[in-house]
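So that you can tell them apart, the chains are marked A, B, C and D in the order they are listed, and the count of residues begins at 1 in each.
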């Protein structure tokens, strides 16, 4: 065991998989010699060789198209899209090709590719370095969308992603790459080393896809959340003093419906939190699922706390970011209701 | 200094429209045998001219001439002729089945049979093909069972694609034929990825991708050429310039300004421009590119200059947008007739053999059709396999799909 | 007034706008001389001239990128994407550029473009000619998504779209281009001429964006629906004999929340119907909105009837298509609940 | 026949890495004045060689030589020098402001000032520019107020972009400067669209787009060239080859195999390849392309061969991936120094004047900075304009955004 940041844990996951499986390789913009703009692939080219981890032309659709071809050959490519905001040029290859290849060929060909990309805001990145596009993938049958919230989960989930025989969209909340930011932007950030989930085995292990984690048990309400917002939700629970159960979904599709319904049936109240814009965000699906599965247990309207329906504004970062105050207010509303 | 002449917008238009006499005066039909054949190791910079010539081997008399003559054995040529004729017979039959309301859709390859068949024969059997929807000849030349193709077209209970795909969207990993997409262009960069994987593994197999003249305007074309150039991928990137993209003539994809082969130049890739209706030329060019890829010298772009002799698909009516008799007037002739003429000149073929083979192939196709039609169609009320629809979305079917399957079953 | 099919009504809208505004022009694959694969632009090039309605290279991202540049110049281009299934290559230009141009430039530049595209299934088009990707646009702040269900609305909404100063995604339910298909695929289709909303003025008129229509008043439940499914919903009401109110949303974002809440508060029951895949479909947003705005009025769980979470299968078209029987069953469940 | 040699994957690598001595032996520095200047009406097919040459006007002694000498008046050259120096002074100051924690981000253009400034001066004032993030020199050359640029960079209450964009993502319709995106490449096809619109309207204005060497791999590059070729759009398509794309050398975008200018050839477009650090050459090439566009002869591609002399952005540290002293060793020199040398040779410039101008510009920049810093920053607690965030998402703010604005206000 070692204490790792999320960056180190992700790096370790890839290091382990490059070591175990010669069919695993990594490519993307600036990921090779340089080790990625967030240094997630740092040292991997040097250790494993030029063709195992290399730079690409700046063409996201090309990167994903090439990865799909490699997947069809039998490799398990891991590709990095430098920022989730730049994944749209690859959207067609992901939606029309990766997601449907197994289905349309009745299993004759598959695309076991992992698409890693830093996502989310809180770094003053403006509208092109802050987006949370998960809902654009959760709507697409055939894709599995994964979002880790701790170093331990990040490594275990990434190894599961690489081993999955399906295409995985692996969204890395870049705001918590180096520490569990809880949304209190005016307070000093704690480093990962003080967080228990930064204890990460150095070798191989997995965290299963499709399984949520109850990161805090509680009785008063259920918070459904993932990624960086898990830490914001925990802060809101602390700030409000409301005994909420916090469920870290980890995989968005297929979502862990059992964990969700068990909790909401127990608490009767539900707050959904994400950073993505609200309208047609993944929170809408969660809200619909909860009311479908738990209607007769609900004692108050389900609340969604989300990014506003605007592009991510540079200067108003903290007015946009759905921080602990907004989550706590929602918690208060659902528990008072 | 300022030139204040009003600008104006140019919109390309073909030379002729319905009612006009076909005009192929713009088509440069160069002399067979005229284009030199460089060594495969030649620096692409030295052979840019090949992008503007037209590699032709068969002359008007059916003789094979010039340095690109692949000197194939007669039995290879006979096999090629047979595969082209079978492709045509199959196409005709399936087209008619659609017209009879037996299937929803079909796309023929008439006029372009040499592209798929000669290329399949110039590649190794285990080289991987990433086709568009108009290279059914690849499957036929590689001996994929006709009945399987028809099962797909009929979406019947033996359809290897389980009724999921539009007719003519085949897939056969075993035959080295990648699943056809329906989305134009996407397979082109995938072919490059497959080739890169083969190189990464130290394999010896190469990949080959196809794209239409129209679809060269898609992003994936650019990505394919960029990645192929950067990583020297062992891939052949074929542009099938059949002059049309549904109702749009090739000038709308850039063909007014230069050749499609010339695109390769900007990526530092070698380009060959080939008479796509000349079986020998297509074979020779493909073999050159394959040899080059296998020698680790990287990708080659081939423009196959041909003509889409029929409608785009069963949903299309070309008489609305081009002169009705363009196909017959195509100056580069018909690929089947030209190879038959060559074999006749070689003394291995005759009108009688042609007629006999035609009949034998028609019978073969008809027998397969009967077999395919005897299999119940999927989606009919009697079909029990409706929840197949929920398989293969994921490797393991997740809870929400299992729930939906139950809901459908009622 | 004339009786028009939806194709004729759309054609008439463009004809009118080409006549009224020299800054309106049309382009797309095969839309010029040929008049479009569905013939929606038939005759417009001949009547208005080569540069007013012309063919393009097959590059959807190029088409939209060029349209945005024209919009920035001051034109109002109408572009056609041949099938909605082929809109993904243009997704980046739509999401990163068209949707955000006004915001990011603080109104300095705008993209008043209309992107028309035939969408939806029911024509045995298989997975690449049947998709309903509306939710991929409703999540994007800055885009307005419109879906007509009748010839009258189609023309009036399209003229509003062309006149809008924002980018509009205009989804044309191709299954009802020629008649109001109600999902009973085993019965003969009625032509538009027998439908009152096929009476269409020949000249200029508008149907406002952002306003729903109550196409059938009722007391027992509310059906929220749009596009081709409006006719399916009406058939389900008839088949089930349940007195449901049918609301045709017409514009998905911004959605007519007043019409929705007024109806659900009255009926206390709600069924949402769309053809798109269920998970993270626009139905999820509608469900979330309804429970947020009408929680205390709801007497049964909100039901979603939608396409299954699979690619559109060719052979099993009618098992996939959410037809009147499934809608009627949902109506029964919500009214019995 | 089958060659069973194992394939291998080629991954491009630059000649040198940190710790190595810079090696520019691969850079072809051709003789100034050597490239011929064709008439603008020349068929692009006749001048493909221009894609492989390098148009240079200023020689090592600061003399202007050869057919591309634009013979500009001294006051034009002096204005160009001033704009380049102001751009550099501005960049330095804003970079430092970021380092001091006053702003979140900045991108300099050092070494590339001639690209933006000479091109702005060769265009008409009302021609429309679609820049990337490294052509701030366009704004400066066109006289856009420095203080406005700084207001944007500081996201302060006078920011014309209302605090919405990352620093250095300017927009000024009035200055003919399109809103910078942040997404690479997207503006390139938009430039073509703007030019097509101008042609459609019978206007006389042309458009000019810029893209980096790295970003040429994006789809929009391909779409821009395709549409520009097909519709003969009056647009200049500039590729700024500054050798680097963040940490990736230009070989990763295809630069190992050929020049970026050569891309034009595949679309039948004329290409000019220009020493981007030579103010006169850049001006001349741009004027040629502009004249051609205005004469309704369509688009020209220009590769501006230059060097990104500093970090990619304030988030980058180039010493991690390239030799530290590459910039000083760039064989084509520094654009400011070279134009100053030329003016000195002409007798219109001196070290004294240079120093005085430097000081004057520094003062100008510093004064503007003080002014910008005096304006309260947006997003600070005191800022009252937080609900501005909900404006301009749509022309009219819809109910859900109004509701969210109320929610934010509490």
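As a convention for this text, a residue touches a chain if its C-beta (ideal position, glycine included) is under 8 Å from a C-beta of that chain, and two chains touch if they have at least 3 such contacts.
The structure presented is a predicted model; accordingly, all values stated were derived computationally and were not measured.
Shared contact partners of chain A and chain D, listed by label: B, C. Most remote chain with respect to chain A, judged by CA-atom centres, is B. Centroids built from CA atoms put chain D at 41 Å from chain B. Separating the centre of chain A from that of chain C, both taken as means of CA atoms, is a distance of 32 Å.
Residues of chain B found to touch two or more other chains are 9, 11, 162, 164-165, 169, 181, 183, 196, 198, 200, 217, 219, 222-223, 226, 230, 252-254, 393, 400.
Under the contact definition stated at the top, the residues of chain A that touch 2 or more other chains are 51, 56-57, 59, 61-62, 85, 88-89, 92, 96, 103-104, 127-128, 141-142, 253, 279, 309-311. Per the touch definition, chain C reaches chain D in the complex via residues 25, 51, 56-57, 59, 61-62, 65-75, 89, 92-93, 96-97, 101-110, 141-142, 144, 164-166, 210, 253-255, 257. Within the complex formed with chain A, the residues of chain C that make contact are 61, 85, 88-89, 91-92, 95-96, 99-100, 103-104, 127-128, 135-136, 138-142, 253, 276-277, 279-285, 287-288, 291-292, 295-296, 298, 300-304, 309-311. Against chain B, in their complex, chain D makes its touches with residues 2-12, 44-45, 48, 124, 196, 198-200, 202-204, 206, 217, 219, 221-223, 226, 229-232, 234, 251-254, 256-258, 262-269, 291, 294-296, 298.
Contact residues on chain B toward chain C in their complex (touch as defined above): 9, 11, 13, 17, 104-105, 155, 159, 162-167, 169, 181-185, 214-215, 217-219, 245-248, 252-254, 315, 320-321, 377-379, 383, 386, 388-390, 393, 400-401, 404, 408. Contact residues on chain A toward chain D in their complex (touch as defined above): 29-30, 32-34, 37, 50-51, 54-59, 61-62, 85-86, 88-89, 124-129, 278-279, 308-311, 313-320.
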